[in-house]
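Down below are the structures I want you to see.
Shared between the two complexes below is chain A, which pairs with chain B and chain C, respectively.
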Partner chain A sequence: MSTTSAPDKLRWVGKPVPRVDAVGKVTGATKYMGDLTFPGMLWGRVLRAAHPHALIKSIDTSKAEKVPGVVRVLTHKDVKGLNGYGIAVPDQPVLCHDKVRYMGDAVALVIAETREEAAAALDKIEVVYEPLPVVDDPERAMLPDSPLVHEGGNIHLHTHIERGDVEAGFAASAVIVENTYRLPRQMHAFLEPEQGVGVSDGNGGVTVYCGAQHPYRDQMQISRALGIKPSRIRVVASPVGGAFGGKDEITLQILLAMGALATGRPVKIVLSREESVVAGWKRHPMVIHMRTGAAADGRILAHQVRLVSDTGAYASLGGPVTNLALEGCTGVYRMENILMDGYCVYTNNGVAGAFRGFGQLQANYAMEHQMDLLAEALGMDPVAIRRVNALRGGDVNPLGHTMVENVGALSVLDAAERCDLWARRHELEAEPPSEPWKRRAVGLAVEMQGTGLGVGLPDYGAAKIDLVRGPDGRPRWRVGLSCPEIGQGNSTTYAQMAAEGLECDVGDVEVYVGDTSAGPDSGSCTASRSVYTGGNAIFHAATAMRELLRKKAPAVLGCTEEEAAQAELSEIARAAVAKGITLSADGAFIWPESKYKLQGVFGLPHIINTYIAHVALVEVDVLTGQVEVLRSFAAIDCGKVVNPQGVQGQSEGGMVMGMGYALMEDTLIQGGHTLTKNFSTYIIPTSLDAPLMETVTCESFEPTGPWGAKGVGEAVMVPIAPAIALAIRRATGALMDHAPSTSERVFTKGGVRLGG
Partner chain B sequence: MEATRVRITVNGVEHVRLVPSTMTLLEFLREDLQLTGAKEGCGKGECGACTVLLDGEPVASCLVLAAQCSGRSVTTVEGLAPPEEGRLHHVQQAFIDHGAVQCGFCTPGMVMSAVALLEQNPLPTRDEIRVAISGNLCRCTGYQSIVEAIYDASRRSAKAERAEKAEQLSGEPR
Partner chain C sequence: MMEDCKVIRPRSVEEALAALSAVTGALPIAGGTDLLVKMKDGHVRPRALVAVDHLPELRVIEVRDGMLWIGGGATHAQLMASSLVKEHAPLLAAACATVGAPQIRNRGTIAGNVVTSSPAGDTIPALIALDAEVYMRRNGGQRRMPVERFFVGPGRTKLAAEELVAGFAVPLRTEAGPERRWAYRKLGQRKAMSIAIVDVAVRLDVVNGRIAAARVVLGSVAPTVRRAAELEKALIGPVPDDARLRELAPLAREAARPISDVRASAEYRLNMVEAVTYQALYVALHREELESRGQRVQALEPVADDTGECCRRAGAASAAATAAGHAHTAYAPGAAPGCGRRELTAPEGTGEGECDGAGEGRTIRVRITFHSQLGDHAPGSQAELTLLGGATLGQLHEHLGLAGDTYIVALVNGKREFDDRVLRDGDGIDLLRPVGGG
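So, the complex of A and B:
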């Protein structure tokens, strides 16, 4: 990976510090939450719905309770608080009472001495259902005569955004392109299925060990459902074997707490892959209709969008995903005339929620196609049309926010234009393919990813730092904050930033993440926010700690104030711990918000953006439609790079995940039943599919970021998908308006011409 | 439930246990021996997270019954670099150096597939590495850093072997 950055005096930030959690992970010593075992531990199994949409007439657990080894069978009657959870709206029952809305709905929890006994008891629970018509088409679900998934109506959210005058813009346009894009239901496919252990303290309190993305919110949701104080609930959510948004919502936490409190013994639940696939969240399938008009010089004059998002049975984050998708539908471009409608709709098609990219992937796929189609219609170069329209610093963006923050659209576009793949694309496309019946082509796409939760959603982070005496008598710095380590490497970047702020060696920093007993609430590990937010909180905590140490220096060192002012911070810390003094400092940070508020639109606009351009070289087999991505390139502006290896890892993993979205991944649900329940039918990229990847960072300095950093975790998977699809178009002429571009679709799209 | 007496050597230590006939090797390792390095990602032999070596061959331990392993020898990720030795296996070290670890859930299985490959093919090409780990899914890294780590580990260990041989030769009486 190469970077473009000015030299600086930083000692740890920006340096290739090895991951602090790597040794435990390569040796197998790291304990994930499902690896934990406690004395007297019981096993829990969840009874899921037998129908995708049905009324529950009765639940009889008496036979199940008599199965040998069964300790308890819990139902909705045992949910003492609010029988509901959900990050935005708590509309999903912990255990269903009168109705089930998808096959993953939980109806009962069996707790037994062994897994086998729990499984045997599941079959003995008698639930009488009255099946209801299955709502599986979001367009039809919006019609007034549709059966209702929820009594309040099937449209969970309708967002309308209008600025300028689109009709005048279309009238003035030299060309108009109009298309409908269909985007798939991608699965997170984290390698660790949902699992964990609940442990009662015997005194009404409980500890829940369960890999997740926001332990304090989990604590709140458990508290609300159980009707016990948050202070009696400890949540340990880290480390996590992959999450990508799929462990942002409650998975098993409430059931684990209920099971432990009901039995007084530790209870472990481990979902099988199949159960995880059926019950867990997915990326929202969307249908996006776009009409875009441009002047002869390529400037976008009007842009109209209608977006329908299938959120499945419950809201979770369906509303915010829809809104961020609408924001993404404006791309990285200047637009004065927009008219956008987004609908988030309930169906019985599983559940959809947060997933890396958060609506922007769907939107970007559509928008970047529109850009290439406009360029084709106008005879323009794909980069040229993007450059004409790209947002610059100081612009008022399509949603009305004046972009006073760092804007990197042009810098990533320039880097992409200069990269080997794009600069030599005609040469690469003309090179003989690996077989005569294959064709090569290059595609390019660009994106900006809004980070943080957005306007109107409290977005904050706190961290604490303790100075303690280590076993060797030297100072140790304990840094605690709640954003869990979900694999992205935030615990390492936190250690680097803490060492920078505390003027100490990174090896003297211990980072504690994802545990409500070990650090204050720094919010969720979502929205590309954990480095920016957690880092800012650490920055402030470290500043407070430095001031505290400086104040105490004369007393600690036994010298004058003038002499103390000359002392190094490490010297003061050493003297302090030698005298048995321990110190604590806190830091907190609140996100900046746009001054511009969109009427009636929750969460928009976002103001801190990651900018990224992707270029892909594909080879299409015109006989079978099979597509291989040979090489890919990423240019990323994520502000200051804190850990180059970390950014490269995000970039490469993101490119391959985005490639999966473009070419192969879709969770198929038919009549409410999931057809692709394991990796034998839900195919994700393997080592044989991954392209040769290159990453370049276009470093910038975000003034509000910790040491200039922004987030990077989501954007890395976004424009690669349209870049691949647009390369397929260049190779075959086919418009891949229905993702993923499976062999069948590429073959039948008409782009395949024998001998053509 | 029917039980079988097994004698299985795991990481050099012999264990004699009574196990249910339906118990998989993965369950035996994780639950009976508390060796939780091998993970269950799919339970169907699709993801490779449970890869261990059975008599030196990589297997998906979720598809092998514990009872099938009687009299045989198993190596898990915990057996590659015993903590008392205080240093990592060169494949493990290369994974760290190349940033081939993110969430880490696939890592133990990935490392075991790499170790098995290098046992049979000490100097593999990158394409041979890609084939060897194609049964190990990773959702975080995009594989490139893993391929580089294994490639580097193979060259490092070849270099170390050459150095060792050279040392032996120079130490021999003339």
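So, the complex of A and C:
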């Protein structure tokens, strides 16, 4: 295993520091936004669309306003600024005025003394609709005669990437495999639904408490919709009871702010699970067609991709997801000849947006299948074909970027090949299964996950450190930055990195995240970027703070410069706070960018990548098609590991989430109506379904990362899905080209009937 | 929703029956795991709820008048833990072990599962296969009927508005009686919190190598749970070999009238009727062989290699726990709360358990606190235990019947420890199952 990190003189980074938020969360003391109450608080309920696609002819709220307890009913007329939001394109109305495009569209907001009174008033709002034909098939939506979801056309984005000459590549290929993969609409399934409270300051300003992933961007979007200055808006977005990308976009923030300002009283909204399922973001369902040609020695000579992504009613991050998916369609491999077309298409099928993996899950599922199929066709070992093609440092990657950073594809592949599960796979597969109708097999897949936002998108982070006097008279270090704690443990890694940089005890660090009043903008908690970006900002702020203290040392300690130079930083800090001196330092960081730009394509390429390999042992009941994942293994190169159990937690949670994607999860929508509205029908794995999991880290040192760290949040759920599906193939011979591999699909494709 | 619904808390079954007959639109409630969901969705709007979950009379499990009596208020967890149920109706205990998750099994009752009358009610095929009778009481009267005849349609039964299911009577299994072969098999979308796509209960009474009586009962494939009558008839005769079983199992299709829904298509369900029926019959006839296979499955622990830095210990520790949880079919009535229960005493009690742990000579005393649903293990959820010196935490789990329990977490003196931890005199041990949903 390659470990290139410097000799370990680190005191906190890399150590299993207990989570700073553990006690509050385990004891239930932590208040999530729905737990907050304020004097005089009102309740809001949102009227959602009655049709998946319809024109609004009129909205009459007069009867609803007379319902006892109702304080206000807000409609599009009450949106003072831009009636739209969206991270990439603000095409989603805050409150619909002339048209609804999915069942989750917000039409009105009722504010009442109680939740029940607000609910009663929803039924009294009279909306006259003129239903339109429902656009529910993205392929048909692209045809010229399709009804339009948006006036500008149903194709939100078409990205075309071409390098080399695919036709020549195919002509030279010894084998060509060609398949179409259908990927499901996964739900984030966070425990905490979208919820929050808006509180007016009585002076035209407002505080919005709503769990989210980028408070400063929420502040901007609220400001734009309300037509008030960002400085009048405080957003508190942390803590979050799970987000996974599903709280990256606006959820309730604008409605909470509008409600609070319209009534002058605090307004709380808590979505029911059913409402959250219908209105909330999902992973983009995609259909990916791939044609891949390889030489007899396994080298990929040509790769052609057509990808159609169903973004639903609004854009949000559908464009960037499509682009990242295209990048993922080249896997971790060298390719000189590629031709790729990606389409991001509007439909009336709910809304799709950011989700852990951000297009890579869909792409990797398809690409890793192609690799195994090429290996089968060539009679090669699955690891061998991947090794032949894997990118090395210095390679020009398929998009044209020269890989100058740490490239860990081979190191995770080596670790996976050596792991007991893969090394002993023939033995494990030959062992008698638990029942005579079961078959066992092992599958493997590899991925690299681009981290950060990619070329062309501003990607930066800032952090602030204050030295203050604690209640016990000792120094306390307050670290503020905006990336919220969404449950992944970044506040703990921030504390570790700050303690490392400030040469202090981790217990003397207080981390404030996810609050526009407590720290500068460190960007979004997305794209596996929060440790890398936030950590770099902290690194710079801590460096500035150290220099500041050193400069002030002689005065603070009352000694000579030579003596001061010998003093420990903690000694200077102690002396400073004892004298009533408080200090502040800022740090900022801008991401390195690839010099190579793709014409007309934003967000690509990424240059800092997390590398990961997954191996899975499954047992398939061939009479029923039921699949059980018995064991799984992860080898991860996420740079320097800042907190080992943090990585383990991410890894195990990711493997189970990826397993859910592979085997059971799909939000079914028919004719624009969601069929799986609750966890009784939307199936996610339980603790009993979780395999025996093992994680190893192939530590590397990313020179641009804070203490060598990269990111880990997304990759951990990606190649496990194709690894499981490929194991099913090995067990049954079935190509699971339509995920998830429900027992019915596995039985239909690879099952055995009693007679035969 | 629930705003004009009052809750009546009677002091006896008689008072409950009086309330049910006096208040129109009143419904009895015990665990509420089905009823509250229906009320939340507005499918049921009772005028009053008559709570019966606290009435001990309804929770009795005993041998009564030559039958096994199971009070309607007995919870699934209680049934799984009962030695009488394990002896006389292990099929029922196995079915209970697949209901929901521990939280639901601790609240949900057998009468509730039956009265909900879902075609996917997990206990119903088992009760029918065991020829159980349902006893219904009303103010001043009682009647009974075979469970098989109790159902009218999805959500509809022959229970009258003023009636309460008092309990079920199941014929006893005797030494002199026929050899009993059984299996309960459920095909679901996952291992817990799972509604059956198809479930099958099988009971075969074998006399001198011949099947003398057969029950094959199908769930989730028709408006109500039903018997596969043709297959039952065809099974009478010599115990079939595997080839014959494969021929016979498809006869079960005749009883199935499946529908398509979000879980599965009708066509798949119909195919699964024969597949799962075959598997259930196979398990019933080859239980011993499969149990020994199950032992071998546990040999899945990773072999240590040199690649790991991170998480090795936690991975290996959860290995032992997970391996035991692998078997799909409950060959025995499940490793669930209380099922491996031993007689333990409260700290102030007199008797104490003995454990044949490793080590020699000296004994040690440890104090155990059982958290949440594990509390059933000892009065007051606390126990003191004398163990042989050198006993490990793993051996303690085994002694308590928790060794097969996938997600037990043990704290020794407040610190997380794993199976290989050697216990010392005076150790305080906390046992908890922190994760819900399975």
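FYI, the second predicted complex is superposed on the first by the 742 of 756 C-alpha atoms of A that agree within 3 Å, B and C clash if a C-alpha of one lies under 4 Å from a C-alpha of the other, contacts with A are read in each partner's own complex, and residues count from 1 in each chain.
One rule holds for everything that comes next: a residue touches a chain if its C-beta (ideal position, glycine included) is under 8 Å from a C-beta of that chain, and two chains touch if they have at least 3 such contacts.
Please read all numbers here as calculations on a predicted model, not as lab measurements.
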So if we stack both complexes on chain A, do chain B and chain C clash, or do they fit?
clash
Answer with first, second, both or neither: which of chain B and chain C does A:37 touch in the superposed model?
first
Is A:77 touching anything from chain B or chain C once the two structures are fitted on A? First, second, both or neither.
neither
Counting only touches as set out at the top, which of chain B and chain C does A:641 meet: first, second, both, neither?
second
Between chain B (first) and chain C (second), which, if any, makes contact with A:628: first, second, both or neither?
second
Touch check for A:579: first (chain B), second (chain C), both, or neither?
neither
Tell me which partner A:551 touches in the superposition: chain B (first), chain C (second), both or neither.
neither
Of the two partner chains, chain B (first) and chain C (second), which one does A:229 touch, if any: first, second, both, or neither?
neither
Going by the contact rule set out at the top, does A:489 touch chain B (first), chain C (second), both, or neither?
first
Which holds for A:675: it touches chain B only (first), chain C only (second), both, or neither?
second
Shared contact residues on chain A for chain B and chain C?
116, 645, 648, 679-680, 685-688, 690, 692-693
Applying the document's contact rule, which stretches of chain B touch chain A when the two form their complex?
1, 30-31, 34-44, 46-47, 49, 76-78, 80-81, 83, 88, 92-93, 95-97, 99, 101-108, 111, 129-131, 133-147
What part of chain A is in contact with chain B in the complex they form?
18-19, 21-32, 35, 37, 116, 188-193, 239-244, 270, 272-273, 486-489, 645-646, 648-649, 652-657, 678-680, 684-688, 690, 692-693
Which residues of chain A touch chain C once you look at their complex with the stated criterion?
1, 116, 415, 418-421, 423-424, 428, 431-437, 617, 621, 623-624, 626, 628, 630-631, 633, 635, 641, 644-645, 647-648, 651, 664, 668, 675-676, 679-681, 683, 685-697, 699, 742-744, 747-748, 753-755
Taking the complex as given, what residues does chain C use to touch chain A?
1, 3, 101, 187, 189-195, 197, 246, 249-250, 262-265, 268, 271-272, 274-276, 278-279, 282-283, 290, 293-294, 296-297, 299-303, 305-312, 314-315, 318-319, 322-323, 325-329, 406-407, 435, 437-438
